[in-house]
Amino acid sequence: MAKSLLFPEFKVVRDENRCIACQVCVRQCANDVHVYDEEDDQVYSREENCVGCQRCVNLCPTNALEVTKKEVGMRPNANWSINHLRNLYKQAETGGVLLTGMGCSEDYPIYWDHLLLNASQVTNPSIDPLREPIEIKTFLGKKEEFLDIDWEENSPVLKTKLAPQLELNIPVLFSAMSYGSISYNAFRSLAEAAREIGTFCNSGEGGLHPDFYSLGGNIIVQVASGRFGVHPGYLRAAAAVEIKIGQGAKPGIGGHLPGEKVSLDVSRTRKIPVGSDAISPAPHHDIYSIEDLERLVFAIKEATNYEKPVSVKIAAVHNVAAIASGVVRAGADIVAIDGIRGGTGAAPQVIRDNVGIPIELALAQVDERLRREGIRQQASLVIAGGIRSSADVIKAIALGADAVYIGTAALVALGCHLCQKCYTGKCNWGIATQDPYLTKRLNPNIGKRRLVALLHAWSAEIKEMLGGMGVNALESLRGNREHLRAVGLSRDEREILGVKAAGEGW
Amino acid sequence: MKKIHIHEEYCIGCRLCEINCLVKHSRSGKIVKAFRGEEPRPLPRVRVEEEGYLSFALQCRHCDEALCLENCPTGAMYRDEETQAVLCDENKCVGCWMCIMSCPLGVIKREEKTKKVASKCDLCRGETPVCVKNCPNEALTYE
Amino acid sequence: MNDIETRYLLVGFSVAGWWCARTIRERDRKGKIVAITKENGIYSPPLFTYYLGNRVSDIRYRPEWIENLDLDLIYGGEAKTLEKENNRLILSSGESFVFEKALIATGGLPVAPPLPGKELEGVFTFTTPRDMQKVSEFMKHHRVERVTILGGGFIGLKTAEAFIELGVKVTLVELANRLLQNMLDEKSSYYLESALNRAGVEVIKEDTIVEFQGQGGKLTDAILKSGEHLPSDLAVIAIGVRPNIDWLRGSGIEINRGIIVDEFQQSQRPDIFAAGDIAETKNLITGERNVVAIWPEAVKQGKVAGENMTGSRVSYPGSLPVNTVSVGEVALISAGLVNPPLGDFELLTEVTNDSYRKLVLKDGYLVGMILVNKIEKAGIYINLIRQKVKVDDFKDRLLKEDFGMISLPAEYRKHLVEGASIEV
């Protein structure tokens, strides 16, 4: 058998003065990197298997381990990068489509890092968030153009029937991550955190496990092209229904759950056979035009008695603005747009890294187009795809978003170390796996606590930034590009974003 | 009385509880020294039981009706007034192993390497037990 | 003399009496308890041999708890007559007590056959603190280099252990063809004997002492049935104990080998209970009636009696003989039916270089156990025997290295692990 040309990605360095051969690393590595030799009473490491998840480093009681990138001693080549070479060797050996997990990690421009916020000085004072109320509550759903208000006995009464809304205490929701791609405990952490904070999580295309029906008031369920787990009870349990047309990590193709991750429980929730790959088709096979989409949107509204908002999720592609406009006119209450940095449990690497556009640009264009067409208030805009901090959230709102979905950030809060091996089902942190030995590692009590803490911290930071800008309600910031300035961007990019260059005044 | 509660659904079988218990009851109290330097190596008083993917750490339950205490002929097993923990007075213990014979959970061991006395969990003598403190997944709680 | 009236009367106050008193006090804070003991203190009998061997310096049993029990303790009192028609007890001193409920826990007397030469200086039985004092005194004033012990049962072994600590040459004489024949099987008896040999003890089997010879009133030799002469400076008759029931004849209490009691530790007379070495109870496994004179039984029976004397109806599932012996580096624990008769018993055994384990099963239940050296799981097995847990489903895991609570059915395990730790 010919020898593999693949070189280990990571190097495991063990400080022998600290190592006590306690074997915690041996037990905790799902990839069997560490091995205990009883005769020598020593632990050895097999670097070839290491994925760099840092689990062993984190748990080692004497901090004896260091896992770092292994440098390959080939001649430096700006064109033929190590990643390209590795992929070529792999494909020459396996002949397969290379899979990957999480979001695009290539070095494309990150527009959030080129946008800067304003602050108030002298002419209009900033607001102290610790002393004055700052409203960051958000309502997602169709807003009316006119409100019919009557007076009855000297008090105002609203006559217009409002479309169903989702009430959020913070403009951040948890992205769609299916049960199957993530573990039961991870999903529980997200759902319970959403309930405690007063926001929502998204079931993804994996259906909804019956244990979570009681938390349905904080869950948005998805109807994706595979229609996994979709039945009347599923729609009734949720707070809102989202039709998934596309996903930022893999625009144009459907979802993919490898058979290794289809356990008995997952198979029951999705209503598919155990161990079979769950591959969603690329298009919904009953949606081939915008009119078809409108039909499905209203079919769901009928099925849910017009009591729940219907969201449509699309990927950020080249003509995303036109698509978004069509989606709004098709009756969606919420439009969710997912950019190229969006994460996934499994996708072909070549699609994840090369298809789609950054969400910042998509957002700016969609917001502008909808306002120009006079239909911006007919649907809320929620964006996703690599939101990393509360600063990104504020910038997104300034560009026009109503709220933001976080996926990767939430998983990182739960312990994810972005090793990008989710598709193997061997997540050492108990997040992207169905192996019962591994899923125990995520204690939902701890998971929930961490997510709540994260959003608690972000809401404080959001209030700080808003207060600094002299704004005391999120609505005043929404779409207000004047609060942003760009650095290091070309004229074209600034035009697309609709943002002035730093240094330009009002 | 505060007791250690075991949540087997969260135990990941890492055995950090055993390691920290060992260090806590070692002579030096320092992890590398306790493992590599102390001869004989001290024993942990908690043991992780594992079968398939089910695992949990088991230590003395400090039972309200402690059989080890009832059957101890020397009175070495006694109940601490403050913590209500069942402790073994090593000065009185003669190593008759009546306690080992009585404990339905099998959590008492022979501390034979140094002396012939019984060894078991002492609830860390009133402090928050180190097994609880160091469990990375909160599979042991103290309430 | 006037009668002393009391609600509770404990006749004999050793282990069974002590735990009975504790149980009564938990349930009845005020009721008067009179406890009578022959001794001049409250002692822990197993400690006698440890005291002799200089392992402990105090043979009292939990003196720090006595005050809390709020008892009327009478030391040096010997029970003489229990009246048949009345609830009245008379001591040999003439003192008399009238009671509502009584516990007879006067324990056992050493079996001491009328061997010629038994009254020689240097020949002892070893069941009371007085015996121990006598031995200590004797050893202070005489040079003791060779000790002969008659009886290879539990008491004989413990006595041998003590003398080993003192560095004298010990010879153990046993009538049967192996040591502890009721509580061990052949293989484990062999382990025990080897350990004793390594510790310097000579074990003579299938023999017994027929005569003690002396000079000037002091012991010089023990003569065996086989004819062998054992030069001895000190001898201990440690054949066993028998229940101290003679004084109860004519009291209306049914006696066989011991006092016959039902599952509530109640005798034929409903106000009179019995517990400990004097009580004859049903064996948990076989249902046969016998006296099981061991500490855990005394405790359990004392507690049950205490409950029922205070108005409960707590029944006792039956006695289980259990035993732990350690000599040198060898430790043995056995329980239940260790030498099953021919029949449908299943044996699971494991033999290694330095350990031996045997489990006896019948109809899917654990009924007997012997552990040599690998004794850590003894309590788990014994509880499976006591609670009559069906072990069929995990039979193949019983002797595995990692057998533990995790191998047991979840409800049973959770009840033990959590139930025992939930505060009442």
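Miscellaneous remarks
For reference, chains read A, B and C in written order, and residue numbers begin at 1 within each chain.
Heads up, the rule we're going with is that a contact is a pair of C-beta atoms (placed from the backbone, for glycine too) under 8 Å apart; a residue touches a chain by one contact, two chains touch by 3 or more.
Since the structure is predicted, the reported quantities are computational estimates derived from the model, not experimental observations.
If the chains shown are joined wherever they touch, the resulting network is a simple chain of contacts running from one end to the other without closing.
More contacting C-beta pairs link the chains of B-C than the other of the two pairs B-C and A-B.
Separating the CA-averaged centres of chain A and chain C is a span of 70 Å. Distance between chain B and chain C, defined via averaged C-alpha coordinates, is recorded as 29 Å. Chain geometry summary: the mean Cα position of chain A and that of chain B are 44 Å apart. Residues of chain B that touch chain A in their complex: 9-16, 19-20, 31-32, 35-36, 52-53, 134, 136-139. Considering their complex, residues 17-18, 20-24, 27-28, 59, 61-62, 435-437, 440-441, 443, 445-446 of chain A touch chain B. Those residues of chain C that touch chain B in the shared complex are 19, 44-47, 50, 55-56, 61-62, 295-296, 299, 322, 324, 326, 329, 331, 333, 335, 375-380, 382-383, 402, 404-407, 416-418, 420-421, 423-424.
In the complex of the two chains, the chain B residues touching chain C come out as 1, 3-6, 47, 49-51, 54-56, 58, 61-65, 67, 70-71, 73-75, 92, 94-98, 100-106, 108-110, 112, 116.
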